[in-house]
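This is the structure I want to talk about, given as structure tokens.
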Amino acid sequence: MSSVEKAPRIEVDPAPAIEKDVDESPQMGVPLIFELSSSGRRGADVARVAGAKRGAEILGAELCREDLAGFPELSEPQVLRHFLRLSQLNFAQALQFYPLGSCTMKYNPVVNDELASLPGFAALHPLTPAHLAQGALAVMADMEAALAEITGMDAVSLHPAAGAQGELAGLLVARAYHLKRGERRHKVIIPDTAHGTNPASSALAGFEVAVARSNKRGFMEAAEVRRLVTDDTAAMMVTNPNTLGIFEPEIRAIAHALHARGALLYLDGANMNALLGVAKPGHMGADIVQLNLHKTFSTPHGGGGPGAGPIGVKRPLEPFLPMPRIVKHADGWAFDDQRPDSIGRLRSFHGNFGMIVRAFAYILALGGDGLARAGRLAILNANYVRKRMESRFPAASAEPSMHECVLSHDLERRADVSTLDIAKRLLDFGIHPPTIYFPLVVPGALMIEPTETESREILDSFVAAMERIYDEALSDPAMVKSAPHTLALSRVDEVEAARHPILRWTPKPP
Amino acid sequence: MSSVEKAPRIEVDPAPAIEKDVDESPQMGVPLIFELSSSGRRGADVARVAGAKRGAEILGAELCREDLAGFPELSEPQVLRHFLRLSQLNFAQALQFYPLGSCTMKYNPVVNDELASLPGFAALHPLTPAHLAQGALAVMADMEAALAEITGMDAVSLHPAAGAQGELAGLLVARAYHLKRGERRHKVIIPDTAHGTNPASSALAGFEVAVARSNKRGFMEAAEVRRLVTDDTAAMMVTNPNTLGIFEPEIRAIAHALHARGALLYLDGANMNALLGVAKPGHMGADIVQLNLHKTFSTPHGGGGPGAGPIGVKRPLEPFLPMPRIVKHADGWAFDDQRPDSIGRLRSFHGNFGMIVRAFAYILALGGDGLARAGRLAILNANYVRKRMESRFPAASAEPSMHECVLSHDLERRADVSTLDIAKRLLDFGIHPPTIYFPLVVPGALMIEPTETESREILDSFVAAMERIYDEALSDPAMVKSAPHTLALSRVDEVEAARHPILRWTPKPP
Amino acid sequence: MRFMPHTDSDIASMLEVIGAHDIEDLIAHVPAALRATAAIALAPGRIEAEVAAELSTLAAQNRGAAGFANFLGAGYYRHFVPAAVRAVTARAEFATSYTPYQAEASQGTTQAIFEFQTLVCQLTAMEVTNASMYDGASAAAEAVLMARRILPGRRVVALSRALWPDYRATIRTYLSALAGLEIVELPFDPATGATRLSAIEQAATADLLCTVTGYPNGFGVIEPLGAIAATTHRAGALAISATAEGIALGLLKPPGDLGADIAVGEGQSFGLPLQFGGPGLGFMSARLAHLRQMPGRLVGQTSDHDGRRAFCLTLATREQHIRRERATSNICTNHSLCALAATVYLSLLGRLGLRELAERNVELAHQAASILAARGIHRQFDGSFFNEFAVSVSNPAAALEAAERQGVLAGVALRPDYPELAHAILISVTEMNSSGEIGRLADALAEVR
Amino acid sequence: MRFMPHTDSDIASMLEVIGAHDIEDLIAHVPAALRATAAIALAPGRIEAEVAAELSTLAAQNRGAAGFANFLGAGYYRHFVPAAVRAVTARAEFATSYTPYQAEASQGTTQAIFEFQTLVCQLTAMEVTNASMYDGASAAAEAVLMARRILPGRRVVALSRALWPDYRATIRTYLSALAGLEIVELPFDPATGATRLSAIEQAATADLLCTVTGYPNGFGVIEPLGAIAATTHRAGALAISATAEGIALGLLKPPGDLGADIAVGEGQSFGLPLQFGGPGLGFMSARLAHLRQMPGRLVGQTSDHDGRRAFCLTLATREQHIRRERATSNICTNHSLCALAATVYLSLLGRLGLRELAERNVELAHQAASILAARGIHRQFDGSFFNEFAVSVSNPAAALEAAERQGVLAGVALRPDYPELAHAILISVTEMNSSGEIGRLADALAEVR
């Protein structure tokens, strides 16, 4: 620990040893809710007990189950205390710097959660007659228009539940478009830097994946696309800026190469934060784009979701968008599900409305000018970090960075300290690590996306921590390789988890 | 230390451990909001900037101040992160066992906070015409009736802001009552076990305090009261159960002794939790009682308040209650401030309405039966703890305990370990210490009030921790005397704070 | 702007470090033509008060959200959500964290998911449950894809026609691009409203990949899942059950006990607001034997290097970020916070409360059915039902409008999805409906029956 | 009952440990007569849904809470509260902790209070501020009591008649039982609405203990606090200023710079909801020299035994739990969570935002005043005002009712408290009032002027 104590700007654990001693059951942490259960307790009484015993008799025994043995039984305060204590074990954007590359962990305005909870939204049943849900339909219609303007596309569907489902929807739209023109195209081109969902969605959409190699400088050359594109190519999925944080300089030539062969350009908009007011996918030649509202448009990530993955398309593709569509009638907004060419639906109802409300409120708050400022400041922050880190953690590519930068390092070679070790050590500084080992083309990659809502001071403390870790890796590698040292847990054994999967709690045999 | 590992069922709240890492400078903890400030930042924009520059011109320079130098300047996410991080440094009832004697740290139902925030309550201006505020007036009227029923008093005023203000109001009512009868009485009798607010309120109400000694067994004998009561005695303030957690066995005789001399019995109802459905102050002969809604009736303590301190009185005292009163007219509820005999008002408007709503919701949820159950379970929990602790921490009195028990110990003598040391060591077990050194009549007192919302398991883990600490005090006193060891801070130097008061931040001279 | 901390001097000094004069320099490499046309023609930013006012106005225009006796269900259900659920999901530590890739800094999320996986296993009587899917419909589609991986040779996907229309539509879309699959629809018995067993027997050939049945189904009818699974198994195929009303699993025999191989469903009933239909919560549980074919994230128990119990994401080799085009699914972001809400909700209700709630729903729905019958409005089907049932009226559209004028949202007409059920209205009754409301429902419909 | 964990077997086993057969045994020592009559005749407990429904119904009956153009002020002000304030005060760690007696486990609360003390000192230009009082009125009363401790010899408490009526009433009540004090009222100038300096000069004798003036005062008028303090000091007495509209301190010269010895006020404007008048937030700041006479809690900076900065309650020897009847006050529970809300609110608005808000309020109020004047409704006083002013109409009661019928809550009639101002209505204009609303106000009053 000695070298930790010397670390500047680091809170030193005053008595780590004692802390562990005091914990009576080191192997237990916070007990599982099931372990806190005691027969006969209730934490809620949502149904009057009076009379509520008769349902089983009505249905008859043969339809009914035995009682829910092993299900939790706790009082309301016990349940609340349990989950509040669990919450304290999390890092989160609201509390820590969380520069997770490709995830756009920007501030999630708290007012948006309140607005999404307004009874008029939260208590609205999805099958409410349209004339009694005009406010919700207006939000969706306005949101479609706003996203079309932001992306430069002609039509938007808010239907998909997340980015990956947006990809699937977009690819199925491409497929339907070609089929409608009498063509059955089998191939989708995907860069080697692409996010895993791109090939996975392509497979699900029935396409074979052809991998396009990005060049040494980290971007996609039109020549490579020309080499791969054929009359059997349905589309190419391009993430722009790509996962190296580089704006694809030949994007328009790529679009042209694709279009020349009747193929479509699918633009993965997960990195849209860099493009706000900087460049519109529609103007790059994109035919389809998906957006991640939980990234660019600030809806909370919720520990993994929910999000929303709207897609925008150019006019010729509009007929194929998922159902239902929102249409304006004389008497107001309505849903239209009589769309013969539509790819259909990929989920129930109308999209992740609660997320759409939050993102809509965010767009209203920033406005056109604020969105443009957000994009530029995100780019400023990424370039600042990149510059300040360059002596120890050089950029993986010499190309200019947009909203994120991908760095590498020589510690593996010099000190047998891995990127994972660095990430874990960073936790001791109260900072969530960047995305690591992605994109796959960069060995030991550190993918850093600060976002525009972080201050220069935070970036400086991050840089200071990374510098400390770099030097520490050389002076005291064991400290880094055995990190973290100051959290409730030391390093978690993920190999063991996969080797002997324990995927649910089971009562101890008496 | 090693033996701590053996302690059963104790966990250390991991939150402080995580929080430590968030800090950036060891000697500083979380920076002050002022230290995070940077000129030109804004965290809110509640007034449109457009045009908003003109106010100073309208008023003219001679009325206006220089700009607010030193005031914070942060973005909204920065402000939020600062205060969320601060929150992680607190123990709280929702997260930890918090058996603070005399404070009734029971569970505060979260739904009540939501209900108090309903726009119909939260956005209601206190001077709204009564016919547009009937719901609020109905809540107050129903609440007065409910508290009258619970306490067995004839009339209730929700006016006072807290228990101490309720005491002042009650004593001024007593004074007004005597004056109305042509008597200027100067003395209030207060037991040696009384809470500090009792004598302080008496002084403020213009009375001299005569201290009554409780007997060896820890209660007040009527004989002692007879000895002290004179025709100059305005009232006696009795806390029942008293601060030793003992039901005053001679309470009715005491009332009788007081009434015989024309003096009134003021019952401090801060310990009302023990009396719910067990005994009504009104039936004990109390003429005046104050309640602490933030104790018995579960409104959150908020780190020290706000609370509410309604008072109940017997019929003859009703005319003297604070203004305004709530009255029923043909066309609904209204406020009445034409009350010649009233002591007047002790604050603006109508009471801490937001707390009253919460307490009202709590009373509705428990109902008459639930309140009675709460009182009994609170008593059960206290007696259970007392019994399980008795070998190491004997009760200060042999009398039966009600909702709390006051214990003492011999560690001061045997190991030079003080009650304060024990309290600080308890923090390492993730448990908030009991009230200590109170009541004053018990040397090194530990005043433990578990409340009815805590489970047997929690009580057992508390007992186990206390037993561990007791044994540790003998085996390894230094460990106890230097506690806490596992929080963000080690023991705080309160002497230094008082010796050189630093009561505000001041900018570093450049 | 209040969300961004940068002052002019921050920007200037940062640019100086970078060695640029202007932020525009940092994007100079973006083709000028793109930058020239990139301005976003939206209204300028608004202050919080204005945004709040605007959204409040829009929310108020959703008149159907309050003030009606509401009997809408059909896949999304009105249930009371205890405030404690919101108190947990509102915690910034849960709401603003990402997928728990760094286990040491995510134990709150990973342990809660582990608890969620356990709770769903208990409800479905299955061995494994994933960390969540988007919703019930997409979970059903993923289940069919999972079945395909388990039985690669087989062709025929048999969907009960009594399965929710949007579940069937979603499955069709998910399968639309995949070669060599055929979807057949299993008719329902017009008397009972349950899937025709005879039809399953016909479909039960060596080609059959799986059957998908609602439990309860899209008419609220409790399918004979045991018999369906048995018939399906006789053909060596997989039985998939889909449950839209999760509360039913608190009382009905669990799919696992009835032989289902994969049990999916919608968890919205477990403490999620209606939110106009999303986000919901897809759940999927299955037999341990099929674990490796399961889509979505899984949390497993392990320990840290000091032997403390710990939880982390595991078996990721099934997933897109490792397996890419060979992954079991393309899902990445899932509905984690909704799974947390369900975990809190189910923990609050607990063993006793969940069953009581289920029984109460049965009781009220049957009360409503008999009151309607007494008024001459009869059930469309006579199969057993949970808290939802179809009734027959002469003109559903007219009846629903008339009821609405009486302040009653009486239900959903089945006709658009089932032309053969031109007279049916689907009515859902939950603990949110008072007997007074049930009376108003009867009055409203009786008038126009 | 969901709040209490005890099962029958818990109770049985606990009783066994205690050695009792029945819980009733534990209270057997309570006189039987008391127990016999202790049953609480209230309705039985209700489930959360019922309680929520009941309170929602009652809330909805407060028609005045929404739907009106609202100009009510008079001591409590309508201001926009950013959601971030609620996000902080809703944290269980802040909301459900007690007074921070154990510093090591309360640094969140103690540091926030320390920040609050600093912010108020900055606003008032004073040296010390306490951790909070109940509200502005009781803080004013405590200030007079504090003055009495500072200058024990003196008798006369001079209250400006232009001070809020409830502040004056509260001071009277607090002093009512204390011997040897006399309260005199300082008349206001009917032209300006400010306290008559000449009256203060008369009162400025060797008996004078203190003057208490509103800043702004109860008519919204900005008192000449500097002159008042100077005159007060000439008599060797203490000048106390009371501010009900805290936002004014963002723009007006601070009391400390104008010579006030004690500055108290109401902090409701700093991020607290109206809540029908409570809980509010009393603040009190004073000169360092008078520290030991200050009532209420104080948080001070110190360090832990490892030299880390720490904060804890300090100078408790002034307080009731130590000093008992000789304490500076009887206050124990204060309004800590309200002080936290104010700390967050002031931190969010910050140096620029608070001043902008104050200027915006001045601007709107003066706009309203001139629009009214143009419609023939003239101000009652010509003294400078902040965001509140009195106008004169022939029949205030009738005017207010007429305005209400137009959907306007035009203000508060002064007559009940000031018979001499039989025609005055006090109108408060804040950033919550649109110019459209101001127009409706003018129309409504013009009609009945």
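Per-chain numbering from 1; labels A, B, C and D assigned in written order.
Operating definition for what follows: contacts are C-beta pairs under 8 Å (C-beta built on N, C-alpha and C of every residue); 3 or more make two chains touch, one makes a residue touch a chain.
Since the structure is predicted, the reported quantities are computational estimates derived from the model, not experimental observations.
Compared with chain D, the chain whose C-alpha mean position is the greatest distance off is C.
A count of contacting C-beta pairs for B-D and for B-C identifies B-D as the more extensively joined pair. Centre-to-centre spacing of chain B and chain D amounts to 20 Å, using the average Cα coordinate of each chain.
Chain B and chain C have Cα centroids lying 45 Å from one another. The mean-CA centres of chain C and chain D are about 48 angstrom from one another, to the nearest whole unit. In chain A, the residues that touch at least two other chains are 14, 26, 28-30, 38-48, 74-78, 80, 84, 88-89, 91, 94-95, 107, 109-111, 113-114, 427, 453-455, 487-488.
Multi-chain contact residues, meaning those touching two or more other chains, occur in chain C at positions 1-5, 10, 47-49, 52, 80, 82-84, 86-87, 90, 92, 348, 431.
Per the touch definition, chain A reaches chain B in the complex via residues 9-15, 17-19, 21-26, 28-31, 36, 38, 75-78, 80-81, 84-85, 88-89, 91, 94-96, 107, 109-110, 427-430, 453-455, 457, 461, 486-488. Chain B contributes residues 38-48, 74-78, 80, 84, 109-111, 113-114 to its touches with chain C in the complex. The residues of chain D lying in touch with chain C in their complex are 2, 48-49, 52, 80, 82-83, 87, 90, 92, 348, 431-432. Chain C contributes residues 1-5, 7-10, 47-49, 82-84, 86-87, 92 to its touches with chain B in the complex.
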